[in-house]
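Each of the two complexes below includes chain A, the first together with chain B, the second together with chain C.
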Partner chain A sequence: MEAWLDDLFWTYQNLVVSLGINGLLALSMYVVLAAGQLSLGQAAFMGLGAYSSVLMTLAWGWPFWLVLPASCVAPVAFALAVGGPTLRLSGVYLAIATIGMGEVLRAIYLNVDALGGALGLSGIPEQASPLLIYAVLAAALAVLWLVGRSGLGRAMEAMREDATAAEATGVDVRRMRLGVLVASAVLAGLAGALSAHATDFIGPNDYGFEPAVTILSFALLGGVGSPFGPVLGASVLTLLPEVFRDFANLRLVFNGIVIVLAVLFLPRGLLAWRMPRRAA
Partner chain B sequence: MADAAPRRVSLLATSGLTRRYAGLVAVDGVDLTVPEGGVHALIGPNGAGKTTLFNLVSGLVAPSSGNIRFAGADITRLAADRRARLGMARTFQNIRVFGAMTLLENALTGLHPRLTSSLVGIVARLPAFRREERHAVARAREALALVGLASRAEERAAALSYGDQRRLEIARAMAGAPRLLLLDEPAAGMNPAETVALSALIRTIVGTGTTVLLVEHDMHFVMNLSDSVTVLNFGRRIFSGPPAEARADPGVIEAYLGTKVAARLAGR
Partner chain C sequence: MLAQQLANGVLLGATYALFALGFTLMFGVLRVINLVYGFYFTAGAFFSLWLAQAGWPLIAALPAAAVGAGVVAVALDWLLLTRLRRAHADELASLMVTLGAVLALYAAATAWLGPDIRRLPPDLVGGGAVDAIGVRVTFAQLLILAACGALVGLLVLLVRGTTLGLAIRAMAEKPDAAALMGIDTARLAALVSFISGSLAGAGGVLIGLNFNAIHPYMGEQMMLRGFVVVIVGGLGDIFGALLAGLLLGVVEVLTAGYLASGLKEAVGFAILVLVLWTRPAGLFGRADARRA
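Now for the complex of A and B:
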């Protein structure tokens, strides 16, 4: 009986954490999609945030209040470094290039001893409480909502609709693309640091191709008319496999079916509502 | 010809402007001069290079050679958004409104270069940001009123008729009060009544101090409206001067109406 209770608590705790982290990752996907970029580097950014934060905690002994903001540094640096060359690409080429970069990073985690290789890094103190995770998620939602209702939000939507017309009306498309990539890196980096410090273990396979696609599916299912859509999509895709726990093996198949159905029947996502684009 | 007119500082001047594509020269060494004020037309048969010239001027296509000066500065290597910031706005032959956005939001994007609030100002909703946004909304509404779409400000742009989408594009371009407005076939797809209204609108726009350079197929429309005409044929400038002279120019008639009609006119 006690074991059963313990099990329930653990399931519950993990789920609560996953919902928050996946919500953040969905927002990290949202900021690039909302500006019309199919950039799939979110899992890679998350991995950089996770690995760098764990090194700060374990190797350097930094306090978590310092580790959390510092966890954005590596992902942002990576975004700035790859931003220049990759943003010349568009559509599916950009998607492939960014997934490729994620795989390169995965190979590095696997082969560098200081990063634990295939075993990953463990013994991470659980310093990220669910409360903190949800506070970060709420702050991210609020910022994206406020930015969305401003000239920046209009510029992003204009770029998504027609980048050429946006440029002709005065939107610095290159700078905006780099900007949203950096924002995406910040959000995913935070998600990486938070999840690493909520689960005590990280491994290279947490940040490869499969998570990249899963993060994309959060936004596709939820819709990118507002930042709430992707968070809803993440919640559904996080909760559904739990509801059907007995079929855990079929989890990926199930995700795939949900995505195909959503794309076919809900092209604007579960939450088709489009946020207004001006302040007050 | 026009070159004999007294020299004024021109708002836009291209010299030797050329754009090559594989196997053809879409714009071939064009010298185009647009003085400040008034309506100036760019005409020529289909495929003459008018849209390509607009793309070169607005910075969406890079020239193969030649240069472009705008308001006294060399803008040949400037990105399109920088040119918009200098006061250049345009519409497109194939309408490019932001369909999912409301009319007001479309017009607001035309004010993008004038927004200066920082990310911090935006997120903190600082008074300066609120003021700027209020001001921008007021200007965007004025631009919609200019083209007669004020009452539909909250509708989605995609819901508009073809002619109304063209007018919305003009509102978006005019919201930022540009010095030069480039209109690429603004009357295309409009019915006669809409075309008459468009003429009046263009006159109103010129009255606000914006210089208009327009590409148009409807000769009648151009002749009544324009202060000067430049004619392109196969990428080359074949005429530049007052509209009345363009109508009488044998080279223009030949290019425009085809050699057959030109021969018949010459025979009379």
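Now for the complex of A and C:
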């Protein structure tokens, strides 16, 4: 690699990593929003993936190629426990139940000694290279693109527009909702494991209410017409604070306003383009 | 020991009930999950803090702070939700808008006021206490209980006993039909926002008194309790919210007393998930066709 490129890369390595991780998180939000559900558990799923993967690495000594897929187990189990009852009800219940999740899990991380308490867990080997992170992101994008183009994607869009009509035309709405929630938990869990193994430290406060809402702002800014929208939204909202460093403490104010304006005035997001789909 | 814990739990639960009441009223009538609601709680607490620091006695500062929070509620409701209400947007749209707004509001309040915990002036409530049958209750706690009782009583009287309450219930039942019957639903929506905001604001003052700690994010922590209470009590159900609030207060205090204080939030959430699995319409709820 050219020397200047090497320098540039080392200076901005954190940014490169967080761009990739936030892209994955935005996709995890996209999966549920694209099917007309609102889950605010992405940060909590990410935390579960991060904590469980770090335990596997540090306490059990598992190799990373095994840790990464296994990091999805805890988030998926949690998604099933919370999603099972709430998905029978209106979307509001899922949103409310998942908002609480992050804060409750934080209370557990803080109070269980094996999870490091307030100090968190550190000394995590940096096994997730930026290359791996972007490979996972690209794979997720490709899968979501293929699914989106298929009949499954059409069913998701039908649910988003009108769940009752979709059900009437033969879409198993309940199973689809549980499916998208599980897919979302898998993506967020992977993001958690990758970010934990790229930064060497995780703490109980990284996965609460604010990250959850920030992840929503990625997807709403980009728009959910295709999986590329949320990734674009995540990139914009990750890069902007770097440009306006002086206003770093107003970053959350900005993210919040982005959500308000996007829902009120820009319902299709920045990237309004809808992915092409095979004729039925 | 147990009697003391139960008394503390009921007192804490009374404030939870008061807080959740406004939230459930707002959902029942306006059909929005308004997450900014927790911010009204913070606003009420800060208004009372500033008024108390300016030398106002509590008897004047409490209602003034509640009214102030109510005005904030009307303004924010108008700013954020009028457009969606006119477009008959679904509940998730209003939930997302208020979610974004509340993130911005907390972050702005923290940037402006700083994250540190403030204390009310020490002479605001006399430091005395009453002992009876082995239970010790401070004047502040008695005041909280009295204020909660009075506000809840007033609200029930308003909703159940007046023409205005009839209009509110009509709007909760069918907003379009209510409008056709000559009810000014836009004005009524503003009024309901005001009432809910004042209840949250009053809750903020009373919780601020109970724990003597006021900071910008206090509303967010309260909101999590609010969710548990309104879902366990049944969304939109006033009496359910009352009972569930008291229940949560007692369970939290007992958990903190006999298990670990850090786990009290987790216990509330465990109850929430359990109720969703077994009785999704709420512990005391009736089946509600609109829920589907």
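FYI, the second predicted complex is superposed on the first by the 254 of 280 C-alpha atoms of A that agree within 3 Å, B and C clash if a C-alpha of one lies under 4 Å from a C-alpha of the other, contacts with A are read in each partner's own complex, and residues count from 1 in each chain.
Here is the rule we use: contacts are C-beta pairs under 8 Å (C-beta built on N, C-alpha and C of every residue); 3 or more make two chains touch, one makes a residue touch a chain.
Since this is a predicted model, take the numbers as computed values, not measurements.
Chemist: With both complexes overlaid on chain A, does A:L240 touch chain B (first), chain C (second), both or neither?
Modeler: In the superposition, A:L240 contacts neither chain B nor chain C.
Chemist: Mind working out whether A:L119 is in touch with chain B, chain C, both or neither, as first, second, both or neither?
Modeler: In the superposition, A:L119 contacts neither chain B nor chain C.
Chemist: Of the two partner chains, chain B (first) and chain C (second), which one does A:A166 touch, if any: first, second, both, or neither?
Modeler: first
Chemist: For A:T86 in the superposed arrangement: first (chain B), second (chain C), both or neither?
Modeler: second
Chemist: Which of the two, chain B or chain C, is in touch with more residues of chain A?
Modeler: Comparing touch counts on chain A for chain B and chain C gives C.
Chemist: Just checking: does A:R154 make contact with chain B only, chain C only, both, or neither of them? Give me first, second, both or neither.
Modeler: First partner only.
Chemist: Under the stated touch criterion, which partner chain does A:A135 make contact with: chain B (first), chain C (second), both, or neither?
Modeler: In the superposition, A:A135 touches no partner, neither chain B nor chain C.
Chemist: Show which residues of chain A both chain B and chain C reach, each in its own complex.
Modeler: none
Chemist: Taking the touch rule as given, give the residues of chain A at its contact with chain B in the complex, in rising order.
Modeler: Touching chain B from chain A are residues 143, 146-147, 150-152, 154-155, 157-158, 161-162, 164-174, 274, 277-280.
Chemist: What does chain C use to touch chain A in their complex?
Modeler: 33, 80, 83-84, 90-93, 95-97, 99-108, 111, 220-221, 224, 227-228, 231, 235, 260, 262-263, 265-266, 269, 272-273, 276-277, 280, 291-292
Chemist: With touch defined as at the start, can you tell me which chain B residues reach chain A in the complex?
Modeler: Chain B reaches chain A through residues 58-60, 79-81, 84-85, 89-90, 92, 96-102, 104-105, 108-113, 115, 117, 119, 122-123, 125, 129-130, 133-134, 136-137, 172-173, 176.
Chemist: Help me check something: in the complex, which residues belonging to chain A touch chain C?
Modeler: My answer: residues 36, 38, 40, 81-82, 84-86, 88-93, 95-97, 99-101, 103-104, 107-108, 110-111, 209-210, 213-214, 216-217, 220, 249-260, 262-264.
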